[in-house]
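Next up, some structures in structure tokens.
What follows is a pair of complexes built around subunit A, which joins subunit B in one and subunit C in the other.
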Partner chain A sequence: MDWRLLVNAIVTGLAIGAVYGLIAVGYTVVFNATRVFNLAQGDLVMVGVLLTFWALNVEHWPQAVAVAVVVVAVPTLAFVEERLVVRPFLRRPGDNIGWFISTLAFGLVLETVVTLLYGNRPPVAVASPLPKSAVHLGPIATTPQLLLALATLVISTVLVEAFYRRTWLGQAMRATADDREVAALRGIEPGRMSMLAFAIGGLLAAVGGYAVAPIVYADVSIGLTYSIKGFIALAVGGFGSIRGAIVGALAIGVAEQVFDVYADPRYEILAGLGLLMVILAVRPTGLFRTAVAREI
Partner chain B sequence: MTTEPPALAVTDFSTGYGPMEVVHGVSLEVGTGELVALVGRNGAGKSTLLAAVAGVRRGPTSGRVALDGEDVSGLRPAAVFVRGLALVPEGHRLFTSMSVEENLRLGAFPWRRGDRRRVDDGLSRAYDLFPDLSRAARRAAGDLSGGQQQMLAVAQALMASPNVLLLDEPSSGLAPAVVDRIYEAMFRLRDTGHALLVVEQDLERALRSSVRTYVMDRGAIAVAGPSTALLDDERVPAIVRGTAAFDHDQ
Partner chain C sequence: MERLTSRRTVVGALVVALITLAACGGGGKTKATSGIPSGPIKIGALLTLNGPLAAIGTAQKANDEVLVQLLNGKGGIAGHQVQLITLNDQGDPATAVSGAQQLVSQHVAGVIYAGTSATVTQTVPVFMKAKVPVVMLDPLDQWDNGKAYPYFFDNYPLNQPTTNVMVSFARDTLHVTKLGVIGDGSTFADTLTSDLKTSASKGGAQITSTVSYQPAAADVSTQVRQVQSSGAGAVVLLAAAGMGHVYDAMRTIGWTPPIITTAASFFSGYSSLGNLGATSYSNCAIALPKGEQPDAGTTAVLEPTTAKTGVNPSVGQLVLTNDDLLIFKTAIEQTHSLDPAKIKSAIEGFKNRSFTSPAFRYTFSATHHGGWPESEIHICNMAPLGPFDLPYIAQ
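Now for the complex of A and B:
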């Protein structure tokens, strides 16, 4: 066995897993405040990627302007999604399924609108501010873009965790997730918390979209793919746990890359699904057991 | 001479679940420094009434709720809370994934900006009222005993210094010694000028602890009066135990 090949597959897998991780953390932030899985999360990332492509490749704007456009536009879309397609279902106690269809539909609407605007083009490389040459860390070869994705995941996660643990609003969001009605009885507006959660989820999608655009290329179809992979990562890691989301995402990224090297890249989705089945057989609540996971 | 309005006045109040009205035209009052009991058998509409008064409406609601004369009908729960009414729902519901102290601090959420003293004072009062909570400050609320959870639920509601406290079955499922401690705390609150409306399943405890009792039956007030007088009223146990039904047309 070529250990160098394996190590490189693992490192690349960690970086690809970082992309899934950004989606999985976005899922978790929204879920922890609303008990809603935003099934359009991957499509929000796709919009971030396409906007990055449009700003850099088409308009040739500076990187800073591209970032600004993406971090304003994508959270705004998430905000609109919360108001139009999620809030009506949150207002109906006992309706535990309406949001499932509505968030999925919102994602499909995004894909349709982007397809109409962008057209059915083949995947196109997005300009990166980083050099394309490989970075060598001992026997490991990787690219600055992959390292940027990993760094974005780490920084985003640290900030989200700090927000949850150290700020009033973060704690109010956790409280809303624990008991929406009691939160309201203590002066917390659950509607504002869900709006904030969607905005943060949108911000994660925006930052993620910008950071991973050079890796994943401009391609409308990535939305659904990443929505599914982010969801599998959640199931592996344990619903409701940020750490679980990250570990699950990185594990799936690594499993896919190792599968690519030693099996057939066309069927790499089997690696994630296989890992999911093994984990759920051993730990039905996922790797990181949370109260929410136990409820589910 | 002007008369002070009661701390809580509920007038001709109706509410329900979805299209179904389960509380019909209830009127009741709780004055400052009063502990008032609300009793009735399961399904009489007591919890639905308390929740709706606190702003949690699960169906069409009509009538008036006033705090110190200010109309708060139609306000959302957060707005009612800010105006001085706190509900402790049945079943010691808490933010179970969070610590005792985090739960307490969130009880003062509306005053989080620039009023640190109010939060600190609230914490001191909570720990003074329930010393058990001070010793468990860093434990997760979900890991506490039932009695401790009920203490925490009451203490959390008190963080914002509400004038009116609604307690839905605070003794439910607790050992008698723990219930005594909860009631001691409630008496202290009453004696410091809080208005308390308590839903209680233990009829004798309700009548002996309160100044006035409202008896609910099928969503309406069937009997009301001074608790000492109702102690000997045979209709009350009959309604509460379900062996007699009040004729609302009488």
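Now for the complex of A and C:
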């Protein structure tokens, strides 16, 4: 086996992991505030991708306008999702997981509507602001677009972490996640925190969709695939941990590419699932889930 | 007494005559001169209108509708209008089988498309059991077997002779005998890969590596690097979706060998081909010799259809689908019947028969239902394309 093949696979895996990471961080932001897994997160990214395609390839608008359209439209959709299909379940007393089906259904509705709007076009490459030529680092070659996805993940993570730690709203969101009733007694409106969390999750999906559009093409069917991979990344890293989500996503990206080198890429989903099984066997809470003391 | 007997004879003769007339006329529901029931002749099509192969199905649907309009404008089949019943198989075998059963229950006289590679092997047995004739383009070798598939007639180059041509093109024209195979993991790709291996071993070529990818993958450079490191001198790309990712990966790693691919590459990823088009080749059925124009018969079909649906990569397929309709028309008008056995028998009698264009001739027999002659399988340049986006023959 040529060592360069393996090294390139690992580098490509890290870059693809960044794509999964953008989805996993979106999951985590929503989960931390609401204890809800937004299973439509991958479809929100898909909407971001298709809106980017529409703005750039169909309308031929400038990149800045495309970004503006995407970062307004996708968080708005996430906001609508929160109000229509999540909030009613959060209001119900006791634990219920009705949101599990409702967020999944919302994703399917998005996919159906976008399919109807997209029409009979085949999946095509979305115009990129970056050059198409490869970036070479010695024997390693990758694309500027994959590096952009990686950079977007890093910047998004830093900003989200800073929001949580340095702003009152961020701390209020975390307090709401810990105990909605106590947070409400302290003057925090849980409904607003939930809305804000979905809007931030939508913003991450929008930025992610714009960044990965030239990589994944204008393909309506990517939503569910990426929702699943983002969720596996979350489970590997530990639910609720942003760093865990990122490490999980990068680990899955690398595992898939190494799997592709040594096994049949048709079954590369097994790489992530295999990794998840190993991690859960060793650390049932995932790599980065912090232990929580509970009073009984 | 004699008079009574005579009256009975006359009444009896009248009754017999009335019964005979009723039988011939079907109570006024059929024409006395034909075994074809009055009303439109129903023709079915099972297309994939959503999912990764939707681009192919939706283009087909638009083309089929215009072709049927053209046929009806010229009097239809035996004076009957043709009613096209199109169902969406969603690329799903279970849905496709259900669709096939629906077409059977609607008493279609024939089927001009029974599904894609993901579904056609499931639907054809349904039509064979119901004795519904299917005339369509599909590359699976098994359709040639007229005994196993008595009502299926294929008017497209079959896989094995196609891969034979691919290997000889690589060897004789590109002077490459080491071939790397990249597939999309579909049944279509797996079947062709298997045939390619057979062709390579017989044709003095070597398959250095076989890799596959998922069409929804974000990056396939790892797979392309594997093929590069295997020492392949050319890539045989056998896929129906996600080809753009393969072209991108080749550019990323800076490896741009000649690509030999299938006609599906005109549907998927063509806009991403870019500068690789100059060294990319595809098998082709409806194609033009370099610098030539399509003949009058082909133009007569392509002009009105592309005026309505636009020039698209399925125009070659459009000619073949028109042939499917004309094969049905000829067989039905020849036999004055919608009886499947009579239609089957008529088509099996077609020898060196052309329909839309004299350039495309089919020969069927009771045992061989693959009508496309091996001598007419070509390899074409992927770019540039000719009039109506028809490809030029590279050989």
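We take it that the second predicted complex is superposed on the first by the 286 of 296 C-alpha atoms of A that agree within 3 Å, B and C clash if a C-alpha of one lies under 4 Å from a C-alpha of the other, contacts with A are read in each partner's own complex, and residues count from 1 in each chain.
Convention: a residue touches a chain if its C-beta (ideal position, glycine included) is under 8 Å from a C-beta of that chain, and two chains touch if they have at least 3 such contacts.
The shown structure was predicted, so the numbers you read here are calculated from the model rather than taken from an experiment.
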item: First (subunit B), second (subunit C), both or neither touched by A:Thr142; value: second
item: Of subunit B and subunit C, the chain that contacts the larger number of subunit A residues; value: C
item: Partner chain in contact with A:Val212 - subunit B first, subunit C second, else both or neither; value: second
item: First, second, both or neither for A:Asp43, with subunit B first and subunit C second; value: neither
item: Touching partner for A:Glu81 - first (subunit B), second (subunit C), both, neither; value: neither
item: Residues of subunit A contacting subunit B in one complex and subunit C in the other; value: none
item: In the complex, subunit A residues that touch subunit C; value: 2, 5, 8-9, 12, 15-16, 19, 115, 119-125, 132-134, 141-143, 146, 212, 215-217, 219, 221-222, 225, 257, 260-261, 264-266, 268
item: Residue ranges of subunit B in contact with subunit A within the complex; value: 54-56, 58, 76-78, 81-82, 86-87, 89, 93-98, 102, 105-107, 109-110, 112, 142, 156-157, 160
item: Interfacial residue positions of subunit C with respect to subunit A in the complex; value: 50-52, 54-55, 58-59, 62, 185, 211-223, 225-226, 229, 241-242, 244-245, 248, 251-254, 267-269, 271-272
item: Footprint of subunit B on subunit A - complex, ascending; value: 93, 168, 171-172, 174-175, 177-179, 181-189, 290-291
